[in-house]
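Heads up, the next two complexes both have chain A, just with different partners, chain B and then chain C.
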Partner chain A sequence: MNRMDTALRELAGMDDLAALSSGIHDLHPGVKLLAAIIYIATVASFGKYDLSGLLPMVLWPVLLYQLSGIPVSLCFRRLRFVLPLVLAVGIWNPFMDRQPLLRIGMMTVTAGMLSMCTLMLKGVLCLLASFLLMATTGIDRLCAALRAMHVPEYAVTLLLLTYRYIAVMLREVSVMTDAYSLRAPGEKGIRFRAWGSFLGQLLLRSMDRAQALYDSMLVRGYRGEFYYAGTRPVQGRDLLFLALSAAACMFFRFVPAAQILGSLFI
Partner chain B sequence: MHMADALLAPAVAGTMYVLSGTAAGLSVRELRKENAPEKLPVMAVTSALVFAGQMINYTIPGTGSSGHLCGGMLLSALLGPHAGFLSMIVILTIQCLFFADGGLMALGANVWNMAFYGCFLGYYLIWRPIMQGASPAKDRANTRVRIIAASILGCVISLQLGAFSVVLETSLSGITDLPFVPFAGLMLPIHLAIGLIEGLITSAVLVFVYESRPELLQELGTEKAGSLPAKRSLRTTIIVLAVTAAFVSGGLSLFASSNPDGLEWALFGNEEEGYAANMGLNEENFGKQSAVADTAGKIQETTSLLPDYAFKDSDSAAGTTFSGLVGSVLVATVAAGICIAGGFFRKKAGKGAEHQTV
Partner chain C sequence: MIEFAHVSCAYEKDRPVLRDVSFSVQEGETVGLIGCNGAGKSTVMKLLLGLLPCSDGKITAAGLPVDKAHLAEIRAKIGVVLQDPETQMFMPTVYEDMLFGPMNYGLSREEADRRIDAALEQLQIGHLKHRHNHRISGGEKRMAAIAVILAMQPDILLMDEPTAALDPYNRRKVIEVIRNLPGTKMITSHDLDMICETCERVILLCDGAVCADGPAEQVLRDRELLEAHRLELPLRYAHIR
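Right after this comes the complex of A and B.
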């Protein structure tokens, strides 16, 4: 399976998750977006050695994953994008910051090791929050929320149309890549002589496709504004969710919950 | 080069959102002024194409590795800087939301690093000046050379600036212990090679488009060439340069301020002069002698948006770390408990639903 097919499957998977029904799915998308941003900003604001302070932050998304019925395992597959980059930056910390901190048996834990682990955990937590947002919201509801938040129509419609056409383009590029590799066995990618024509041909076809798309939009009554179904105003339960999310973030940010919990048993 | 949320402090991420948001707002305003609704589907389809096209592997001759397409330059050459910038924002947003490629909080920084330089600097300072002198009808070979030169220069410069911004943003956020200069020394040469390859691939696609339908390229199409008055282009260039200068100088001054200032250095830095000792000064106590100052210091430490990376005394840290370790194990147990309880209740609810349907 090539990269395009994997991407297509992941896109379809996200649409399936967003179509599920739960209390978290039914929340107002704008409120969920705001709660996710508050959560991510709180996670990012923890000190680089504050691993034990950061760890309790995992409880809030874990609870929401369970309430929404979204499998956490699906989210962890996306770590292949996040972790290598975070690791590439964090891997230097154990070498640069060798201040000893704790001795466990024969191993000495240094400050650099601690800061690297904190960075990795931050990466995982931020991913948990943004994945949950999209898995319980979907592109249509997100675009409706962005319009309600007065994000310009031009940008929102572009986002929606691009999302729809990504699936079409991924399919086309996937077929072209498969056809090319069948005719050029043993080659890793597109050879130098075909660099321009391979994507160029598709680009020219796409320009004609865009004209056809615009004609069909006009035929269906497009007058410069898309209309979104199922939009509703913010209700009491949305505000309650936002308040609880913010309170949870503030509590774990300012109260060292893990240390207090640990000191009860020592 | 997609930055994750974990690599940025909230203050840096917020600043980058403001900068990218301003550029996006100006782009939307320009497109509204243009009033060309038929351009929207062209932008959407081209963005989707670039998204898919970035996944194609291009074999680099003579090596075992492969390169990818540079989206920013291609989009601004096809759609213009403002439409290209918006299209890149949409691509980066979808990559961030649906593929976890780049973080939600880091989106502003990613837009700046990967879209702003390629679309605005790449277009106004490289693509437009180079292509304006071309005569596509008379000298096709010369035009081809210009396209190749503009694409390679545009990709190399925009990638270098983008990589430098990544280093600057990460260093300002205090994430890595790697000093600024070695970090930049690591990132910039890698991105020089990547930029060169991306430039070649982008130029190959643009030359193909030029050979087939030259009217699709900005500054070459018969209707589009010279349609903007020279005065306006100069004004836009000055604005773009001013914004970049403000960003770079602001960033550098913030970076510089993390070093001890002159007064601090004079008091505590030159210990060999014996000045601090002679005057009875102690850095730990300096300026923190009242209860109010102590309280204010604590509040500042707790509420600071940029995390305080000063490491606590290792003795006290070791003491609290152990209870933290035990607490962390308990937190993990609670998290696992929530998962088990969630699974149990869902199974129960599923069984209940089955009974109802039966």
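Right after this comes the complex of A and C.
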């Protein structure tokens, strides 16, 4: 099995996760989307030196991962290619911002180090929340929720097709790399000279496949709506979840919970 | 039910795929569309569904002209089994794929479920209902793709190579299902024995034009005609000299 097959299986695995059953899975997709947006916006709103304020925000995803039965380690495994990028965001801060803040033993903690940690944590938390949303909702129910929130049809269709296009493209890459390696047994990977035609062919083939897939949706009555996603009306428990999520975000945003907790011990 | 009147179509200028094609299919008729590779069979299907514009002529389906204004109405009446089930099955599970069409056409979940169960029962593939599309074999996917369309209960059924990649047992099942299905059917295939068993009439396409149109018995027994168009007699007529 080549690496593309593995990636394809992992992508399909997101649908498996979305098909699980738990209290979080059963929540209304629109409510989950709103809760995730509120959470991400709250995380993003913390100041760049406010690491202690941000730390309690870890609780929300940890709790929801527990409740939904999705292991956090799976999220880190699936997002292993994106995480280094997220972690690299603040990597230059310690060199740019050398103002000393405190000393821990022999080590001086600078403002740059603190802001780097804050940025990294923000990135990881946003990824955790997005992954949880996808893993407990699924792309179709998510798109249905977006349409219910009056997001324009073309934007939702674009999102849906982009998601489907990734799978189509991975499948094409898998077929093409297999075909290449069978005719170039001594080679590791694809020869540099072949990259141009390989990418060109990949683009044309996956565009053809994506068009066929869209045609197949059209001939079965797809007109930008998601009747098949089985979205039910918003219920009391959905609103309760949203209210609790929003309240928790506001509480941790405006009440320095970590400092209060710390002051009890120091 | 279906009418092509002097239809021409070209993907590229000066390279027509269909040239002045005319034929009509009556309600309840089962017609086989045969021809060698590149004869234009799939193009006929795409034109009928409005997935391609025709450069000339007029196409009518279910009494409506195939144009932008009537596309939704026409597509609601036509079910199409595509040549490649990989592009037909795009939802996570077989069940969700089967639900897609009926729900888009406004059926209740109960009615859609009833149709889904009936279609799965018809093809004896109930065990595939909750299987993930990426985890079933090519043949199973082909059967599921047919079930997806049967669940829509269309007035007109188009099938592009419905028996390709099927084992003999499943091929036989599909043939029986096609034979017992009511409504208008148009089937393209290189499996001429299957065409023999399911279709009463055959249209032979060659280089984008209609070369023969007549009773299946007559067209499919004509060795000279078939061989002139890079086809072979079906096995059941192989003894004919």
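Heads up, the rule we're going with is that the second predicted complex is superposed on the first by the 190 of 266 C-alpha atoms of A that agree within 3 Å, B and C clash if a C-alpha of one lies under 4 Å from a C-alpha of the other, contacts with A are read in each partner's own complex, and residues count from 1 in each chain.
Here, a residue touches a chain if its C-beta (ideal position, glycine included) is under 8 Å from a C-beta of that chain, and two chains touch if they have at least 3 such contacts.
Small disclaimer: the values here were computed from a predicted structure and weren't measured.
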Message = Just to be sure I read the superposition right, which of the two partners does A:G105 touch: chain B = first, chain C = second, or both, or neither?
response = neither
- Query: Given the touch rule stated above, what does A:G186 touch, chain B (first), chain C (second), both, or neither?
  - Reply: neither
Max touched-residue count on chain A (chain B vs chain C) belongs to chain B
Scan A:R209 for contacts with chain B and chain C and give back first, second, both or neither. both
Practice task
Considering only the touch criterion stated at the top, classify A:V86 as touching first (chain B), second (chain C), both, or neither.
Solution key: first
In the overlaid three-chain picture, which partner chain does A:M217 touch, first (chain B) or second (chain C), both, or neither? both
Chain B versus chain C as contact partner of A:A19, first or second or both or neither
second
Checklist entry - With the two structures laid over each other on chain A, which partner does A:P233 touch: chain B (first), chain C (second), both, or neither? => result neither
Interface residues of chain A shared by chain B and chain C, listed 164, 209, 213, 217, 222
In the complex, chain A touches chain B at residues 3-4, 7, 10-11, 14, 36-37, 40-41, 43-53, 55-56, 58-59, 62-63, 65-67, 69, 72, 78-79, 81-82, 85-86, 89-90, 92-93, 96-97, 99-102, 111-112, 115, 119-120, 122-123, 126-127, 129-131, 133-134, 142, 152, 154-155, 157-159, 161-166, 168-170, 172-173, 177, 187-192, 195-204, 206-207, 209-211, 213-214, 217, 222, 224, 254, 256-263, 265-266
Chain C partner, complex, touching residues on chain A are 8-9, 12, 15-16, 18-19, 138, 140, 164, 171, 209, 212-213, 215-223, 225, 227-228, 230
Within their complex, chain B touches chain A through residues 2-10, 13, 24-25, 28, 31-32, 37-38, 40-49, 51-53, 55-59, 61, 64, 66, 69, 78, 86-87, 89-91, 93-94, 96-101, 103-105, 170, 174-178, 200-201, 204-209, 212-213, 216, 302, 305, 307-309, 311-312, 314, 317-318, 320-332, 334-335, 338-339, 341-343, 346
Within the complex, chain A is touched by chain C residues 46, 49, 51, 72, 75-76, 78, 80, 82, 84, 86-88, 90-93, 96, 99-101, 103-106, 109, 132, 134, 148, 152
